[in-house]
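To start, the structure under review is shown below, and the notes come after it.
Going by the order they are written in, the chains are A, B, C and D; count residues from 1 in each one.
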């Protein structure tokens, strides 16, 4: 895949995440530079649905822009510090996906309720910004230190919640990170609805791992649909 | 009805199921060959919303493709084994319809809450893959044996849930199977919402059977609407 | 208003009720003949969203078609018997509006939770078909006697629920009946959501009556919007 | 910003509030005259989604129209009395936003559950019209006195609920008032969903204030998206 095609996919990912209800006017998605592991691409500070090729900026792992340019996202450290901590990660989605947030502020663990949520494994960890940033933050990951703390909570997981804020989904590719961001939202909606019907039988650890491995081979199928929807063709 | 018209209806059924919120990037629908009861038609491994005529493949009841072709769905055995077990069935929908899944993982039985859910009869049976496949599957019906077990759970019913996965709807025709897939989703949403208001009076056995018999005469009416919506005319 | 304009409004009402989520492939709306109180207009048996001028039929209060024509709705007696019992009523909507059905099958009374639901007064009565039709019906109002019984449950109310089936909304005009069908659905959704937050303060009898009287002067405002949406202009 | 551009923004705000699900056929938004603090602009009595430039009227703080014109909103006193009481306020949104209403009629306080709801501070006050208007109103703010009472309940807050009716959002600009109207609705939906999962950790006072201060710098980002959606470009 050429760099130009990757940037096109990043633009599509922005539009897809809006169209599928994961981001609204806020949220962002990045991809690691395919040839320079110490760099990543992310849009300037703009709503994902309106991102164009020319809005994509390049950053180093300090989350400094490589070239002087327009205002970047305040929370770009989410991306830089996860790329630094996780060499396996090549794409990061940050969102305020609505069905997920209730799980970030209550004692209920977000767990895989169906095979497409298998990547949630034993349940999504929750980042409490008060632990790293104290009780008087504005909730945002606006410093490298907060980014490091978030990456530490994420650990080796595919998905982490951020209390009173949102979530991060990571993947080995843009398609996988987008898949996880979308199906974490679906899983959360299903789990919230199921929780009022009775006690839930979640996927066990083996089922979750096996389902996730199968789904990892399937990410092209929904991506084709999602891309078609945003391209209007 | 010519074979060409039936294939056109199968393509429409794929689009309708997406448009009405029953399938997303995953899920599939098949129809039995009208002249050869030991064969059925099903799309290649692709999102239902983007299926075209040329994506439709023909399978025997072993779920082997009649002609060498593109990659088929892993779970085509759902279709083949139900057609083998149920001579009355001429169409099968498999989906992860969102309102239905909570009923698959809790102790709450999906029952007919209004006349359009009459086909649910005494309540939908639930397929637990751990019984046939053990505790470490990837949740998918990826073998003939799992297909046989699912067909056995379905028995003579119109609809069955699959724990932590989704459901199957069957019918004597494409229109009836699609009707059932759509109204099982509606019925599930109504039942979940009603369950928090108080104890529910469901249709009794006679009401469910009589309503289902009436509705079976009505499947053309919503189909005309659903088809118009996907054809954009 | 000419008869032609009234029929145009009836066609619009069909489309509006679909577009605003009150009817799906099923449900119907009628209007009394402006010059002959013993007749009414109703579409042939067809999904509301696809109704055209030429689908409108004229019926007497026996619900017999004035002219030999296509198949009418099985449940046309809902309309005929309400027009017979209620001289003040000039339009009737029958639907399976989703948020309303849970109230028809549980002990929770549908009551005015906000000013736009004022027409619900002291709460909507519930028609139990088992009382008039016994325990083995198909749930449908398929006879004049069942229509009479439904009209009797409705009494002088603006809205009545039908257990395990749906509802009827009536009005002095098409616009008012459509307004009530739409806002009963909204009110039901709000009430169901509020019921899980705590005990609800409903509008009292005076507030409900006064709000309803004010809203009756306002039906043109949303109608203009709803009509614009279905006309695509 | 010229007056013409401000009026254009007011028209856009009307369309945005409909498109984002805050208003339906009812509700209204106003902006204070930028050069005359004792005047404001508000549409004539019409559904927000269909407002055009020529529907915008100018009012004094008595909520009398400056020029003889078409019928104004019955509830224009909401706007006039808030502008009189709050010199810092330059825009007011009144709506029946659906997720918010359940909080107006139950004992549950609407509180900031995530950073974008920070403007809710310690929780939204609730206006009970029975206190100012007695037990037999039609629920509407149809007099100056009721407007004064509502403004008094609002106090120095950004948002207030109106029991059995709706809400008001205010801001230093149109963009801020629209932002608050939209995110109050989102926050309410999240809070209602979270309330069934367990006890909620809300933003504390410092987090709410700091998040609100940050968001106040961000209102252009979603506005650009919302405007693009209604302009169809």
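Note that in this section a residue touches a chain if its C-beta (ideal position, glycine included) is under 8 Å from a C-beta of that chain, and two chains touch if they have at least 3 such contacts.
Keep in mind that this is a model prediction, so the values were computed, not measured.
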Distance in touch steps, counted as few as possible, from subunit B out to subunit D: 2
Same-residue or different-residue interface between subunit A and subunit B, half as cut-off: different
Averaged-CA centre spacing for the pair subunit C and subunit A, given as whole angstrom: 45
Gap in Å, rounded to a whole number, between the CA centres of subunit D and subunit C: 32
Overlap residues in subunit A, where contacts from two or more other chains coincide: 196
Partner subunit D, residues of subunit C touching it in the complex: 112-116, 118, 186, 189-190, 193-194, 196-204, 206-207, 210-211, 213-214, 218, 221-226, 228
Residues on subunit B engaged by subunit A in the complex (per definition of touch): 24-26, 45-47, 49-50, 74, 96, 98-99, 101-108, 135-140, 163-166, 192, 195-196
